[in-house]
Structures are given as C-alpha cells and as structure tokens.
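The structure appears right after this line, and notes come after that.
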C-alpha cells in the first residue's frame, strides 16, 4: 500500500506541474516568452503545466532576470512560501549569471546566489520550445521516491 | 439502512461515482476551454489527458501544507472536510438510476437549499480563517455576490417544486415524465444556470477568485491537502449543481423505457442521466469560456434588478399554471 | 547625496502611511499575477474604492546608464536593447540614430527602410501583446489566447528578418545588421494582410462583447488638461485628442516617405486606448506593405569608425508606448561619455496614477494595463498627489519590512 | 522662430543662447532655472518636457531640461558645482518634472529645492549607503557599489 502511494505520488508529480513566475529585474523578454509558452502555438498545458496565481499552490518557481537588491528579499520570501517539494528554474542569461548586465552596479550575478536552483535554461531569451523542454527535463528527472526528491530540493 | 444502500451511498451512484464525475467535469471544462481558445488542453496524462485532474489532486495531496501563523488552524484543519461534506451529501439525493434517489425525504429540496448556503458559508469561514489579505477581500466579494444570487437561485429552484406540487427532488424529477420543466419554465432554468455560475465562481462571475485582481481569491493561502480538497469540492459542486439542474428541469434520469429487463433499463437510465448532465455541464463550459469577468457591482446589479424580478415573474406564472 | 550626508534628506518618514489603518491598505505586487514584472503598488482602499495609490519603483533598476559609460559604442547597442524585451528594437533604434547624428555620415536609404519595417513589426507585436493582456486582465482569457496566437505571426517575421524573436539586435551604428532574406518581401506583404484581417475581426469582437465593453468603457478617464500638464506620451496622449506622434512631427528612419496616420480619440478611457492601438497596428500593416513596395536597392550598412566625434546628441523615437528619449554625449573616444535614457513608461506613470484614482480594486488591472506599463523600462519610483500639494514620502524600508513580515509568518508544515 | 523666442527669454533671464543640429540651448544660472523653464514651457507647443539630464563634468554638474516641439528641442541648461549641488525645483510650473528631478537626485546627487520627493530612495535600493557617491558620478566605482549592496 505504501509502495502504491509512493508510486501514485511520483506519477502525479511528473504529470502535474504548477508553475509560479517571478520576474527578478528582468527585461520582460523572458517573461513574455514564458507567457507565450502557454498560448496556443506552444500550449504547455498539454503536459500538465499550469501557471498558478499564488506561490503556495506552486511546484516549480520560474525566475527570470538578474537579481537586484530590492528583489532579493522578495525572491527569498516567495521561495519560502512555496510548499515542499519545490523546484527552481532559472530562465535566461541574466538569471543564470547576470548576462549582459553582469557588471552593472545594481545587478547580481545570477539568482543561484540567493536561492538554490535546480535547472538552468540559457538563452537571451530562450524560445518557448526551450522553456517547455527545460521544464520537462526537470520533472522527468524527479526521482521516484519522495525522500530523494527532498534531497534534490535542498 | 441495508448494506446494499451503504454500498450505493459510497460507490454507485453515490460519492465515488460523483467524485469521478467531478474529475471528469474538470477535464471536460479544461478541454472545452482549450479547444475554444485554439489550444489542445491536457494530452499526456492518460488517454486525451483525461487523468490530468486526478494527477493534480494526488500531487497536491502529497505536498507540504503551510498554515500561516495568523490563521485559525482549527478551522483550516476541519473546514475542508465540512466544505467537502456539503455537496457530497447533496449528491445522495439526486436520482441517477431510475426515479429513486439513495436518500429520500419528502422535503429534501429544502435541504438542498441549506446545503448550497452551507457550502458558501464554509468557503467564507475557510477564507476568513486563512487570514490572508487577498482572502479577506475575496470573502467580502463572496458575501456580496452570495446576497445577489441566492434569492434568484432559490426562486428558480422553487419554481419546479410549484409545478410538480412536490418538495422532493425525486418527486419533481418523476413528475416530469411527460414534459420537462425546462419547456414550462425556461426562464427559471436560465436563472438557475446563471446563479449556478455565480455559486461555482465561474466566469463571468469568478469575482471572488479573480486571479488577475486578488491572486488566488479566498484560496490564496491554502496549500497541499487543503487546496486539493477545496479544489475537488469545487468540482464536486460543479457536478452536483449540474445534476440538480438535470433533476429539476430536465426530467432527472427519465427517458424512454426500451427494455423489460430491469438491469438493462437501469443502465439506460444512468446513460440518460449522464447525457443530460454533460449537456448542462457543456452549456456552463461554453458560457464560462466565451465571457469576460464582470465587476462585483455589475454582478449584483444584474442579480437584483434583472434576475430576481424575472424569477419572481416566472414563479408567478408557474403558480397560475398550476392553479388553473 | 554623496556630499550632502548631513541634510534632512535621508530621514525615513512614513507619517503619511500611518493615517490609514493597516486593514484598508492593500499590497498590489511586487509579485502579483497581473504584473508580469515586479512593481509595488500600495493601494489605499475604502471598501473596494481606491483613494490613493503609492507605487514603489526600482525593482527592475539595474544601472544600465552607468554600465553604458564603460562599454564601447557598439557593445552598447546590445546593452540598451536589453532594457526592455518588448520594445527592444525601439531602444536600439533610438540609441543608434542618436549616435549616428554625432557623425557626418549619411545612412543608406535601404537601411532606413529596413529599420522602418522592423520598427513597425515591433509595434504590431507590442500592440497585439497589449490587446491580449487587456483581455486577460478583464477576465477574458479566450481573447488573450486568440490574439497571442496571431501575434506569433509577427514574431515569425521578426525572427526571419532579424534572427531573434525578442532581442533583435538588428539596428547597428551605420545601418542594419543584415539584409532581407530571399522572398521576404512577398511574405511580409501576405502576413501583413493576414494580420490586418485579424485586427478587423478583433475590432468587431471587442466592440461587440458586452461583458468586455462594460469593463473598459469609461475606465481610467483622463483629459487633455491632465496629459498636457504631465507631459504624457504615446497612445495615452493621443487618446485625449492631442495628435502628437514623433514619427510624423519629427520623422526619422524612412517616416518622411512612409507617412503614418495619427490616430486620436476624444474619450480618454481604456476603451479608446483599445481602439487607438487596434488602428495603429492596422496602420502599421499598411506601412509595412508600403515600405516593402517603396524600398530602394543598395547598401544596408556603411562602416562608421569606432571612435565617434565629440559632441552631444538628443534623439527620440516613437516606441509602441510613446516617446523614447536618448541623450548621447561623446568625448571623441571609443566609449560614450554619457547615455541618458528616458523611457515612455517613466513619462506615463503619473498619468497612470491619475487614471487609477476613484476606481474600484476590480478595475486596477484593467486601468493599469491601459497605460501599458513596461516596468523593465521604467526602473524608477513614483510618488503621488503632486498637484493637490499633498506630500507622500514613501518609507521604503518600513513598507518593505511590512510586506516581508506579512508573508514570512508561517508555521506548521514540515 | 523658436530661436527668437528663446533669445527673448535669454534676455529676460540673463542667459545666453547657442544652437546645434537638433537643439536650441539656453544657458542660465541656477537661480533662474524655474523662471526660464516656465517661460520655455509657455512657448507655443513646447509644453512637453521630455526629460531632465544631468552630466558629470568633473568639478561641475550640468543639468539639462529638454522641452520638445516639432523638429527641435528647447534645452535649458545650467551648471552647478559638485560640492553644492542644488537647484530650485521647476515642479510648480512643470508638474511632469517631479519624477525626473527625483531620478536625477538619486542617480547624480543633485537636489531640487521645493520638490517634495527629495527624501528616501527613489530608484536605488534602500540599502544604498547615504555616504556613498551617487552611482552616475565619475568618482563612483560600480564594483565598490556592488560590494556595498552585497551583490558579490
């Protein structure tokens, strides 16, 4: 019975991916591509991806943009509001390592300096196809046992 | 209560049957919306993505549950169960197989009214208990909306009862053997569907859960199990209200008797019921997808100044018809 | 600030905030589903009615103006267009033309035409994006999906011409980076015709759908007096009946030969903004067709030496959201002395606040979208009630702490 | 035509007029800025204030007010010493200047007397130290600012 429940949870987790999107000082380029990934041509809902309004409902946090000091605390707060197991995806060159803004005085060197990141999707900005491909890579990589999933997260 | 009745209550055509119907309704709703928007909707989870709501439910149920510090943890712990119980008990009064419902009372229509009100009350308590700012605004809107749609909803539900001179759902369904009340009282049916949209918080009346205005509405602060059950309950209410519409206006499970074998006929009745249920559900899906959200003041104006007089007039007509 | 550390200028003051009880204040952002970018709006409510709006800007501030001083002229093209992913070409256009004005060189006609085509394509994509979002924010998701489906056509064209859907890097100092691909002229014309047809359909749909029009008509009303006083730009200015469009008034690129039509309206509400943007997008389709027909052959780029002659240059372009202003100063070296950017949203935020006041919470997303905010552009702050003489100073720290405390209180779970 | 009007304003405010490719520049002393701006804004069509630019010239800071109409910018330019960077605000005459002034204050450290929004931080994060140079000034080092803001 316990095995069945674990299996059921693992099955459900791979097929139901609710994402919450945070723009941490991004130029909007990645953000509109994330939105575009949900629209008819790409339709991420096919794969069970859904954009949810509150971080408390989310499984995956999509972060775009380089960090700036004002958004730093916000990003941490949002991350803390998410229930376990939670995964973080950094989207776009800025979120990966600062990108073209790397040496600006008010821009950070990527969001992994603030919160742990599970997957990086490079590009300036990545295509919607790239974003969907990345999220799928992420969830198919989720281990089947929840204990291991916890390790991946922390 | 006999063991058969308990089984009926729990499995078919009781709770389990309706819970699966609720999942099916969510899937159909998402599929319809997606197709109307030029998308495909869920496809990978199960055939045609039919298991998507199931996957959502089990995933949420296995997630961590965060209880905000200011919230009333007692209400948050037991509230979802009561909230779920309302439509779960309600469905037992719906006749699915033939003219008989599992539970029956000569006055059970009044109990339905109580259940609908109770369900809103539980939503209110849950939202208030979670103590979020957006939740508070949302329940304010919920109450305002409730005061708007409650009276037309009750009037629309009473109209078939007047026509049938009966206050039980099974009785009303049985009284429509010759003529469905949707033809006798079309306005009441329309009012019922519109009020049901408001009760279910579907567009254009998704004001208390407007994602773009107040985040997740009164569900903003919920997570994990609570969220899973609240969402399931909303879908169950969806199926329940559609089933009520079928029983009150579309003749319940009634239809042509094609076989002398009672088992075959029972299957046929179930098929009739499901066909009508999905027809009603489909009407709601289409309305929900095709319309934009109205504002709370516009919604209440619609209910008070248009729908209430309309349903009152319809009731008066029904009384005249019956008196004659 | 550096040399004036004494001065009363840095005392934190939140006196204005305390006049309202905590219950009536409602945080709107910075992370909110209807703001795709982080921006913090504190709304003071009476019931559902908004009596005051206090935005805190700077969540997207990165320090680009300073970084531009340390990079070469050409590198800056790629920097400035990443100020905003929606109007990225307008940024690079404003910058490159500002720089070219410092040099004695004449830009080839063909390059000017190509810039016009991409500029107008970007306008179409931006306006369609906006029209979809206003549908989404009015709770009309079907419209959003349909419009974004058609928007992909304009993105396809942009990708085919420039190589990228979003940050196009097309305009460069001395012309454009590459010529039109083979067969592109024909494709541009057919696709522009297709988008035109769809726009006609949407005009029909948005005008006729009752639940949608009651959400937009009369919303966020402003008048000429307000827009004049607050130096509003773009569609927001034109919706109050002032026919100012930089493409016509101060033509750049090839706008002296491909003349746009200035769309105005006298209503000054969100519904009129929808009409103006629909008409402008349709006019852009017409201009693309016209530009493709008139396009001369020849070079698409000339080489300009890396060191730009000393001098200062002011340049502005009509971005989809309105005037986008560039001030470029050169000392004759290989890097700029100063690049100053004033984006259109920055000019419009005061007007946006003016539009919001008096509406209900349910209207916030629609009205806020009405001004088409692009906070990626506007990395700055707004404080309100300027005209009535009331002072609002935002106790930034207090506000932020409040927000963080509010959300971080959680227990149970684990 | 605009050149003549600008010359008239220059005569009234004791300034000088220079012209360039796209701009007519009116150089005035800082006390005269509000008066000059009010007069430029009152010229037909020039009600639109595009922005306010501040330039670090080493010892001095130049502040430019760009008004626009047609094909020309009418620019009011003034110079202030770095050690005493303050100018009377033009917001009473041109309300649109409120944010532009606030932005210049934050990024270049020029204070505008009379503008109500000179307190607190506008663009910069609140952590930005009060004793650090404004980021757009030449003496500010982006790398050091990043360290102060704990971004490294």
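Every chain is named by a letter (A, B, C and D) in the order it is written, and numbering of its residues begins at 1.
We take it that contacts are C-beta pairs under 8 Å (C-beta built on N, C-alpha and C of every residue); 3 or more make two chains touch, one makes a residue touch a chain.
Every value quoted in this text rests on a predicted model; they were computed, and no experiment measured them.
Undergrad: Through how few touching steps can chain A be joined to chain D?
TA: Graph distance in the chain contact network comes out at 1.
Undergrad: Could you name the chain whose Cα mean is nearest to the mean of all protein Cα atoms here?
TA: Centre-most chain by C-alpha means: C.
Undergrad: Looking at chain pairs A-C and B-C, which one is connected by more C-beta pairs in contact?
TA: So, comparing the two chain pairs, more contacts are at A-C.
Undergrad: Using each chain's Cα centroid, which is most distant from the centroid of chain B?
TA: D
Undergrad: For chain B and chain D, let me know how many angstrom lie between their CA-based centres, rounded off.
TA: 62
Undergrad: Cα centroid separation between chain A and chain C, in whole Å?
TA: Taking the average C-alpha coordinate of chain A and of chain C, the gap between them is 26 Å.
Undergrad: Roughly how far is chain B from chain C, centre to centre by C-alpha average, rounded to an integer in Å?
TA: 43
Undergrad: Which integer distance in Å separates the CA centroid of chain A from that of chain B?
TA: Using C-alpha averages as centres, the distance is 35 Å.
Undergrad: Touching two or more other chains, which residues of chain C qualify?
TA: 33, 58, 61, 63, 66-67, 70, 145-146, 149, 400, 410, 413-414
Undergrad: Could you pull out the residues of chain A that touch at least 2 other chains?
TA: Within chain A, residues 39-40, 53, 68, 70, 81, 83-84, 103-107 contact more than one other chain.
Undergrad: Give the residues of chain D that touch two or more other chains, as numbers and ranges in rising order.
TA: 124-126, 135, 140, 142, 145
Undergrad: All pairs of touching chains, please: list them by chain label.
TA: Those chain pairs which touch are A-B, A-C, A-D, B-C, C-D.
Undergrad: Over in the complex, which chain D residues touch chain A? Could you list them?
TA: 124-128, 135, 140, 142-143, 145-146, 149-152
Undergrad: In the complex, go through chain B and note every residue touching chain A.
TA: 30, 34, 37-45, 49, 51-52, 54-60, 62-66, 211, 215-216, 219-224, 227
Undergrad: Quick check on the complex: what are the chain B residues that touch chain C?
TA: The contact residues of chain B facing chain C are 33, 36-39, 64-70, 73, 133, 137, 140, 203-204, 206-207, 210-215, 289-298.
Undergrad: Help me check something: in the complex, which residues belonging to chain A touch chain D?
TA: 67-70, 103-109
Undergrad: Given the complex with chain B, which residues does chain C contribute to the contact?
TA: Contact set of chain C toward chain B: 26-27, 32-34, 48, 135-143, 145-146, 149, 209, 211-212, 214-215, 360-365, 406, 409-414.
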